[in-house]
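The following pair of complexes shares a single chain, chain A, combined with chain B in the former and chain C in the latter.
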Partner chain A sequence: MDTVLSILVFGLATSGIYALMSVGVALVYGVGRIINFAHGAFYTLGAYLTYLYATRLGLGWWISSFLSIVSVAIFAVLIDLLLIDPVRDDEIVVWILTFALAFATREALVLLLGARPYSIPAFAPGSISIMGQAIAAQRMLIVVVSALAICALWIFLYKSRIGKAIRAVALNRTGAHLVGIPVRMMYAMVMAISASLAAVAGIVISPISVMTPDMGLQPLLLAFTIVILGGIGSLRGSLIASLIVGYAGALVSFLWSPELVTLMALVIVFAVLIVRPTGLFGVAVERA
Partner chain B sequence: MGDEWRIGHRVTRRGFLKLAGAMAGSALLGAFPRLSFGAPSRDVVRIGVIGPLTDFTGRDILRAAQIAAEEINAAGGILGRPVQIFPADSEGVPEKAVPAFQQLVVRDRVHAVVGGFRSGAVLAIVPYVPRFRVPFIITGAASPDIMKPVGENYSAYKYLFRAWVNSTRQALSLALVCRDILRKQAGFTRFALDAENLKWARDYADALKEKFREYGLDLVYETYHDPAITDFTPIFKAAMASKAQVLLQVISNQAGYIIVKQWWDQRVPLALVGNNNPSYLISSFWRDTEGKCMYELSAYTRAPLSPKSLPFWSKFERRYGETPFYTGTGAYDAVYLIKTAAERAKSLDSEALVAALEKIDYMGVIGRIRFDEIHEAITGPDDVPVTYGQWLGPKRKVPIWPEKFALAKYQIPPWVK
Partner chain C sequence: MKGLSIYHYCTLVILFVVFAVGWLGGQRAAIILVYGSVWALCTIGYDLFSGFSGRINLGYAMFPGVAGYASAALSAKFGVSPLLSFPIGVLSAVLLAACVGALTLRIKGIYFALSTAIVPLALFEVTRIVGRFFGGEEGIWGVPSFFQDPRYDLLAIGGILGVCITFALWYVGSKEGLILRAIRGGEVTAQALGVHTFGHLFVAFLLSAAIGGAAGAYLAHFQMLISPEVLHIITTLQVVTFTYVGGAGTIVGPVVASYLLVILNEALRAWVDLRLFAYFVGLVLILRFSPEGLLVPLGRSLGRLVISFRTASVRSK
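Up next is the complex of A and B:
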C-alpha cells in the first residue's frame, strides 16, 4: 500500500511537470511549426528569475514567481518577434537559432551567477501525512498547479476568441490570415503561453530539486520524447503521453531502479512508433 | 541531389548567411569562457591551474592557487622569481581536459600544474603525462586508477602526484565512521548504500563493501543512480523496505542538495551519512538547503588539521565570502609544495621537482603531506585526514570524526528510531 501510494503521488507530480513542458513544445510546433530548442531555457529562466526577484529585489516568493512568469513570457515574445519571425520559414535556421538561444542563456547564467546551484524555498513547506506516509507538500502543490495550468490552457484554447484564433492558425495559416486573424501575433501569443508553462514547471520543481544553468536540458529532452510519443503537434497526445511516461517512470523507479527511467521512456517511444509511426494522436495539426 | 534530402525550404544565400551567423555566434559564446590573456614570461614561475573553472569545484582551485601565489610573491617568490598562475578550463570532461592540459604545457609553458577535478577528465590527461613531463599535483579527482601508472611505469608517469585522498581511502574512512560512530555509539546495524553511477563512486562503493565485510557491517541494500537524478523518493522507499537504518550516500554533484532536501521533507527514517560534495560548502549548504541538511553527517569540514588550516579557511572566507571547497584547500597546499620542492632542488626543472616532491614532508592546510611510492598523499589522522562533520546549525558542520578533531558526539535525527 505504501508503494502504491508513492507511485500514485510520484507519478502524478512527475506527469504534471512533463505535461507543462511537453504541451508547450506541442503547441509551438502545432501552431507555429517551430521546433523550439530554447524551450528548456524558459524552464531554467523561470526558476532563476524567481530567485533573483526574491533575493535581489527583496520581493516575496509568490510575487517573484508571478513576475518571473510574466518576464519569461515577454522574453519569449521578443524572441519570437525579433529573432524567429524574420527566419520562420527556414526551418534549419530556426533550429540553429533556438539552439543558440538555449546555449546563450546557459552561458549567460554561468557568467552572471556562476555554475553553483541555487535553491528556492518550498512554496508549500512541510509535509502532508496521507495514510501514515509523509509526502512533501510541495509535491502535492506541483500536482495542483500543473492541473490548474493545463485546465486554464484548455479553457483558453477552446472557449476564448483568441484561443479559437490560435486553433484556426494551427489548422490553416493562409485561411486564418484571409479571415483577418493577425497570424504573426498568434505565433507570439503561443510562444508566450508555451514559455509561461515551462517557467511554471521550472519554478514549482526547484524547491524539491535544485537550480543549475543546465537544469532545462533533461526536461527538454523528455518533452521532445513525449511530444513524439503523443504525436507531434497534438496537445491531447502530449498530455496523455505525459501521464504514460510519468507513471511508467514511477513504476520502474519504485519496482526496479530510477536509473532505468530514461531507457524505459525510449523503449515506449520506439514501441509506439513501430506500431503507429505518427505517435498516439499523430496528426500534423491538432484537430480535436 | 533529390528533393528528399532537403529539409524545409530551399536554402538561399541570405538564409545561408543567417545560418552561418547563428553558428558563428554560438561558437563564439562557447569559446568565450576559455579565452585567456597574457603571454608567458621567462622571468616568472608559471603554475598551471586546471579544472572546471566555471563550477565551484574548479573555481576554488583557481581562487586558492591565486591566494597562495600572492602570499608567495609577497614573501619574495620562488627562487627569487614571481609566481604567475595560468588557468585552463577542463569543464570536468575528458574532451576538454586534454586540450586544456596541452594549452598549459605547450602555449603557457608552465613549470607545474595543480588541480584536476572529475576522475574521467583527469584519466584522459594521464596518457599525455609521459610526453609532456611536467609535474601535475592533483587536488580533486579521486579515482585510484589515476595513480596506478606511477607504480606500473614509474619513469614515464613519475610526474603525477595527488595531494588529496583517493576514493578507496575515502571509503575506508566512511567504513570506520560506520563502525566507530554509527554502530558503536548510535547502535545502528543495518546500512543501505546509494552511489552515483560514476567511476570514482563505483570504485568508492567497491572499496566500502570490502571494508564492510572486514568489519562485519551489514549492507542490506545498494543502488547506483543516474547523476542527473532529480528524485530520490524511490531510493528512500527501497532502502526503508530493506529495513536499513542508515543511508550511505556517495554523491559529487548537485544531487547532493536534492537528496538532503527530500530526505528532510519526507522525514525519511534513515540516518543520512556519507560523501556529499555540495555539503563540503560549509558557508552555503545550510542556506541552499534551507537548513534541511540538519543532522546530515558527511565528509569534510573545517577543523584544525594543522596550525595552517583555520587561518587559511578564514582568509579564504574573508576574501570570497565563502568557505573553500576541498579542491581549493589542496590546491593552496599544492602551490606551496611546488615552492618547497623548487627551493630544495634549487631548480624548476621537472626531474628535480619530482625528486624533491618525493622526499617532501610538508605541513599544509590539509594536514601533513608526504607521498607514498605511487605518489599518493599518505592518509590518516596524523597525515592527511578525512574528517566527518555533522550539521548542527547554520555554518555549523561540527567535526565528529576522527576522534582527534571531534568537537561533539553524533546526534541521531529525532525522526529516526
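Up next is the complex of A and C:
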C-alpha cells in the first residue's frame, strides 16, 4: 500500500515536470513551427536566476522565483525576435541555432558560476502525511504548481482573445495574418509562455535535486520524446504522454532501477514512431 | 565522367598541404591534423546522405560510436589485431545503419530526424547500464594503436580520407547523386517519376554509416580509448556544424571547414574557459547572419571576382 501511494505521488510529480516542459515544446512547434532545442536552457536559467536573485540580491525565494520567471520570458522573447525570426523558415538552421544557443547558455553558466552543483532550499519544507505515509511537501508543491500552471494555460488559450489569436496562427499562419493578427507578436508570445513554463519547472524541481549547468539536458530529451509520443503539436497528446512516461518511469525506477528510466522512454518512443510516425494523437501535417 | 573538376584539384591540394604541415610541423601539429581528418571523414559521411537527400540524420553519432566501440572492444578485450577489428567496426556501423534505416527511412521530415536522434541516446544509456563490459562512463581503455608516431597516423587517415572524398565526389556526381537531390527537391515527385526512393536512400544511408564508422574506429585506435561521449548528441551537433559552416551538399566545403574549425579550436586553447562559449556564440552568429555557411558565399564571391577579372581582361583586348 505504501509503495503504491509513493508511486502514485512520485509519478504525478514527475509527470507534472514533464508536462510543464513538453507543453511548451508542443506549443512552440504548433504555433511557431520551430523545434526549439534551447528549451532546456530556459529550465536551467529559471533555477539559476532564482538562486542568483536570492543569494546575490538578498531577495526572498518567492520574489526571486517570480523575477526569474519574468527574466527568462524576456530572454526568450529576445532570442525569438533577434535570432530565430530571421531564419525561421529554414528548419535545419533553426535546429542547429537553438542547439548552439543551449550550449552557449551552458558555457556562460560554467564561466560565471563554475560547474559545481548549487541547491535551493525547499519552498515547502517538511513533509505531509497522506494516509499515514509521509511525503515530501515539495513534491506535493510540484504537483499543485504544475496542475495550476497547465490549467491557467488552458484557460488562456481557450478563453482569452490573445489565446484564440495564438490558436488561429497555429491553424493557419496566412489566414491569421489576413484577418489582422500580428503573427510575429504571437510567435514571441508563445515563446515567452513556453519559456516561463520551463522556468517554473526548473525552479520547483531544484530543491529536490541539484542545479548544474547540464540539468536541462535530461528533461529536454524527455520532453522531446514525450512530444513525439503524444504527436508533435498536440497539447492534449503531450499531457497524456507526460502521464504515461511519468508513471512508466516511476514504476520502472521502483521495480528495477532509476538508471533504466531514460532508456525505457527512448525505447517506447522509438517503437511508437516506427508504428505510428505521427505519435499517439498527432495528425499528419503535410508541408510543402 | 566529365573529367576532373576544380573540386578534385582543391581536395588534392588540401590533402597535400595537410600532409606537408603534419609531416614537417612535428608531433603536435600531426595530432591536431589527425583529429581534423577524423572530423573531416565524419562530415563527408554526413554530407553524402543528409546534405544531398535533405533527410536530417540527428543520430549520426551512432555510426562513429558503434564502430569505435566494436573495434575497441574486439582489440582491447579479445586481443584481435587492429587491422582486423577496424573493418569489423566499420561493418558493425553498416549493420546498425541497415537496421535503423530499414525502420526509419520510410518516415519523413522532423519525424525522421527525431527517430534517428533517439538511437545514439539509447546506445549511450546502454553503455552505462552494461558498464561492466563497456566500461561505463570511463569507456574502454588501452585500445592498441596502429602506429607509434602520429605522423604515420596522419598518412593512414589521410589515405582513407582521400579515398572517401574521391568516392563521395564520384558518387554524388553520378546518377545516384542526382536521384538523392531529386528526393531532396520533392520525394513524392521523384516517386511519381518511378524512382524507388527507399532503395536509393537506404544505399546512401549505408555508405554514410561506413564512412562515419571508419572515422569512429580510427579515432578509438588513435586516442587508444573510446568513451561514451562519442555517442553524445554533441558529436552529431559538431558534425552538423562543420557541414553547415562549410556548406552542405558540397563534400569539399565541410572538409575544409573541419580542418579550419579544429585548428581554430586548438588556437583558442589558451582561453580554456572562454573557448567553448566563444565557439557556440560564433556558431549562433554565423547561422543567424549567413545561414548557408561561410565557405559557400566566400567561394561565390571569389568566383565573381575571377569572372570580373576575366571580362575586364577580355574587354581590354
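One rule holds in what follows: the second predicted complex is superposed on the first by the 280 of 288 C-alpha atoms of A that agree within 3 Å, B and C clash if a C-alpha of one lies under 4 Å from a C-alpha of the other, contacts with A are read in each partner's own complex, and residues count from 1 in each chain.
The rule we apply is simple: contacts are C-beta pairs under 8 Å (C-beta built on N, C-alpha and C of every residue); 3 or more make two chains touch, one makes a residue touch a chain.
In this text, all values refer to a predicted model and were calculated from it rather than measured experimentally.
When both complexes are overlaid on chain A, the residue A:130 reaches neither chain B nor chain C. When the two complexes are overlaid on their common chain A, residue A:14 makes contact with chain B while staying clear of chain C. In the superposition on chain A, A:267 contacts chain C only, with no contact to chain B.
When the two structures are aligned on the shared chain, A:57 is found in touch with neither chain B nor chain C. Of the two partner chains placed around the shared chain by superposition, chain B is the only one that A:119 touches, whereas chain C remains out of contact.
In the overlay built on the shared chain, the residue A:107 is in contact with chain B and with chain C.
Using the contact criterion defined above for the overlaid structures, shared-chain residue A:97 touches chain B and also reaches chain C. Of the two partner chains placed by the overlay, neither chain B nor chain C lies in contact with A:144. In the superposition on chain A, A:212 contacts chain B only, with no contact to chain C.
The residues of chain A shared by its contacts with chain B and with chain C are 87, 90-93, 96-97, 99-100, 103-104, 107, 110-111, 259, 262.
Within the complex formed with chain B, the chain A residues making contact are 2-3, 6, 10, 14, 87, 89-93, 96-97, 99-100, 103-104, 107, 110-111, 114-119, 121-122, 126-127, 134-136, 138, 205, 207-210, 212, 218, 250, 253-254, 257-259, 261-262. Within the complex, the chain B residues that touch chain A are 7-9, 11, 15, 18-19, 22-23, 25-26, 29-30, 32-33, 52, 54-56, 59, 197, 223-226, 228-231, 233-235, 237-238, 241, 254, 257-258, 261-262, 265-267, 278, 281, 284, 288-290. Listing the residues of chain A that touch chain C in their complex gives 35, 83, 86-87, 90-93, 95-97, 99-101, 103-104, 107-108, 110-111, 221, 224-225, 228, 232, 259-260, 262-263, 266-267, 269-270, 273-274, 277-278, 287. Interface residues of chain C facing chain A in the complex, by the touch rule stated above, are 56, 58, 103-104, 107-111, 113-115, 118-119, 121-122, 125-126, 128-129, 234, 237, 240-241, 244, 273-274, 276-277, 280-281, 283-284, 287-288, 291.
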